[in-house]
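Multiple structures are listed underneath, in structure tokens.
Two complexes come next, and they have one chain in common, chain A, joined by chain B in the first and chain C in the second.
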Partner chain A sequence: MSIFVKLASFFKINLFNKIVNFLIIIGAIIKREFIITYRNFFNILTIVIFFILGIFIFVFATGPDIKEYKEIIIGIIWTLLLFSSAISIDKFYQDDFNDGSIIVFYISSISLEFYVIIKIIISWFFWQLPFFIVIPIISLFLDINIIKLKLLLLSFLIGSPILTMLSSISSSMNLLNDKNTVIGNLIVIILSIPVIIFGVGIINASPEIINPQLNILLGILLLFIAITPWISASCIKIGLRNS
Partner chain B sequence: MSPGNGIQIIGRNGIGKTTLIKILSSILYPSTGEIFWKGKNIHKNLDKFFYDLSVIMDLNTGKKDLTIIENINFWKSLFSSSITEKEIDSILDLLNLQYLKNTKVKYLSFGEKRKLEISRLVIERKTLWIFDEPFLGLDKNSMDIFIETIKNHLKDNGMIIFASHHNIEVPNLNLIDLEN
Partner chain C sequence: MFKTFFNPGSFEKLASKLNLPILILSCVSMITGLIIIFYFSPDDYQQGSTVKIMYIHVPAAYISLMTFAIMAIYSIISLAFKMPFGFIINKALAPIGAVFTLICIVSGSLWGKPMWGTWWVWDARLTSVFILFITYILVILIRQSFTNIEIGEKISAVFVILGSINLPIIKFSVDWWNTLHQPASISKLSSPSIDITMLIPLLIMTVAFMSITLNIALISIRYEIINRKRQI
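And then the complex of A and B:
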């Protein structure tokens, strides 16, 4: 009986130590990414300014007809969110790949898939979350009503992680190809077309088809959650072998 | 390889030293042959192999926006190292990096970045050290310290494989010339 008790306590301690170690590693990676991104905060600010300026340029370009621009403004906002996301993709894995940090992750006790997941969460936090502050402010200038604003934020809440995961995939694919990195941006733009269609569709749709469109957007999100870590990690591994 | 032994790979430029180092570190797959660690194929037991492995390539993995101590603390956590703060301080003292402890890596010279990279070996505390051109950019004093560290590691039954053009005097070190 005492052997079983000893075994149980041994496994409990082992499991407990493993969980603690794992949490320490997660904490260390998050802290590292947080400090690096915080010290390069100007890059995020640049993307946000690009987004704001882009919207105003579109508004000026459509002319003084308020009715006309009100019909297309949600599409413009989503398009600029997509472009802002595409611009930031180089920041994903390239630095870690160039300085060999990815090799350190590769030989550490955490898997590359897990490294990708943490990178996606941190990137979403830093590169997409600021837009949740900027969009309501922009809406005031553009006279977007509160119902549309709520739907826009809801669709962006579901759509922005998809854009981040698309950026992850294309950025990891760029590691396989050091000559033409524009291809990564093209992949983001092409694959994000469904996100744009349903993201904009939700806001302009009649109330009875909002829920089905939201469900489709959620479905796309779940699909990307399921495939992105494995696709990105595989591309990184192949990139390491090719380098 | 047996514990306490090392291998130095030599050969002219382009003969495949770095490729061999990458294959031995499991970054590349060998087109023929297999590599065994503790009797098991490394590609089928990567976790166990990586548990014992430290790799230093010709890159400086210290993040340029982090300070020396932030990088060290990150490696310490990532590899669940038992190294104490006192030991970290003594390594930094030995490598003459103590006064740069809170300096961002991007402001360090190439030699200082290499010294930081080498400190990773001691921080990770693994059995098998594999490195490519480890003496690149090191001054005479740092090279002596590094060679001494290698000797101590072999004395503690550690193992070392490295590719370098430098001839170093270390007991139990076997040479493999890729040209012969």
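And then the complex of A and C:
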């Protein structure tokens, strides 16, 4: 980064300077988020263990005969994935809001929407990627065949960014919520109904209607990419102006 | 004209004038509607007398959708142009919408038990209406879970806009999927698939339900406006 600064001061070009400033700020934010999330790595481990424990509790509750629930096991896995991203919403903006670093981002030269996008990408990287390692291991326990496993990973690859963005929306809504903190999880769950329908539908559908359902899920993903930064940023601004 | 619906002062004047005529209209149309339903309207040749549940079920369903649409429009306008009047509308209309959605669900399942054989089917129309009911409850809960009421109103308005994605899904679910719930009876205005002896009481009951809703909404909006004026 310092090489860019030297180059910019050498050429003395205004636009170039602005772009370099922009890149430096983004780099600093990304570095900061990485350090914070890396130091709180046990949080991610807790969520992953919540997912595994959920599967185990389900098996204890229904009995050890796997063949009986072969049809519904994909739905169970998707439900637990949804729950594990719904209970991790507190980690999104709450700490930054409480220690005042969101105000610093707000008055810096980048917009709050861009901060939200960076935050979503990093949260997806840390909170959803571990499940791509855990799901194949779990599928060995539950006797899911390789074709279904591939489709499950594909649908989760498209669906997990949507879950992260829903967590972002819900977390930014509940920044100043001090009476009823469970309502954030309910917002994630009620908005994620189409994701669950099409995410599970891809795996249980007959082969000729897999592609249309995949397209619908991709459409939902694009819709949420379009609207999430604006909604989250405006909710954060509502919180900042009233705190 | 347009300004009347966004200015609390002039809306309150209009509401105090409209209150009594709408109350009279709702009483008259409700009584005539009920008399026509129970003494003049014929029974269905398949459903028997259970068809009379429809005269409650269909207007309640209309109102549950229409209330949410009005709430969504007012939320967008009040968030975009920073008019707090939309939040008053949201606060007044959300409980009314929740109650009418509950009436719709309960009357539908009372009809479904003798006709379909079950209280509840996991059908596209039924499930999406139930999600609408939960959305109404969440709108009320979100506003009350903040100590600062201004933020709660704004956040619940954002949630109303997000939840309004559900409205077209409910409206067109009977056309998009093969559901057990029958398609709309009087949407085709040129040739409705309902007999004229059943259409007239249905329309009268719709008018009655709408005027009752309007009456309760006007009273609670006026209460809210006067209450806020006193606080300032």
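Just so we're on the same page, the second predicted complex is superposed on the first by the 230 of 243 C-alpha atoms of A that agree within 3 Å, B and C clash if a C-alpha of one lies under 4 Å from a C-alpha of the other, contacts with A are read in each partner's own complex, and residues count from 1 in each chain.
Going forward, contacts are C-beta pairs under 8 Å (C-beta built on N, C-alpha and C of every residue); 3 or more make two chains touch, one makes a residue touch a chain.
Only a predicted model underlies this, so the values are computations on that prediction, with no experimental measurement involved.
Trainee: Pick one for A:A28: touches chain B only (first), chain C only (second), both, or neither.
Mentor: The first partner, chain B, only.
Trainee: Let me test your reading of the model: by the given contact rule, A:I36 touches which partner, first (chain B), second (chain C), both or neither?
Mentor: first
Trainee: Determine, for the superposed model, which of the two partners chain B and chain C contacts more residues of chain A.
Mentor: After superposing on chain A, more of chain A is contacted by B.
Trainee: On the A-aligned overlay, A:K179 touches which partner chain: chain B = first, chain C = second, or both, or neither?
Mentor: In the superposed model, A:K179 contacts chain C only, not chain B.
Trainee: With the two structures laid over each other on chain A, which partner does A:L240 touch: chain B (first), chain C (second), both, or neither?
Mentor: first
Trainee: Check the residue A:L191 against both partner chains and state whether it touches chain B (first), chain C (second), both, or neither.
Mentor: Second partner only, chain C.
Trainee: Quick check for you: in the superposed arrangement, does A:I169 touch first (chain B), second (chain C), both or neither?
Mentor: Only chain C is touched by A:I169; chain B is not.
Trainee: For A:Y106, is the partner it touches chain B (first), chain C (second), both, or none of the two (neither)?
Mentor: So A:Y106 only meets chain B here.
Trainee: Kindly list the residues of chain A that each of chain B and chain C touches, one partner per complex.
Mentor: none
Trainee: Name, in rising order, each residue of chain C that touches chain A in their complex.
Mentor: Against chain A, chain C makes touches at 79, 131, 134-135, 138, 141-142, 144-148, 150-151, 154-155, 158-159, 162-163.
Trainee: Contact residues on chain B for chain A in the complex?
Mentor: Answer in residue numbers: 25, 27-29, 47, 50-51, 53-55, 57, 59-66, 70, 73-75, 77-80, 120.
Trainee: In their shared complex, at which residues does chain A touch chain C?
Mentor: Those residues of chain A that touch chain C are 169, 173-174, 176-180, 183, 186-187, 190-191, 193, 231, 234-235, 238-239, 242.
Trainee: In their complex, what parts of chain A are in touch with chain B?
Mentor: Going by the criterion above, the answer is residues 21, 24-25, 27-29, 31-32, 35-36, 39-40, 95, 99-101, 103-110, 240-241.
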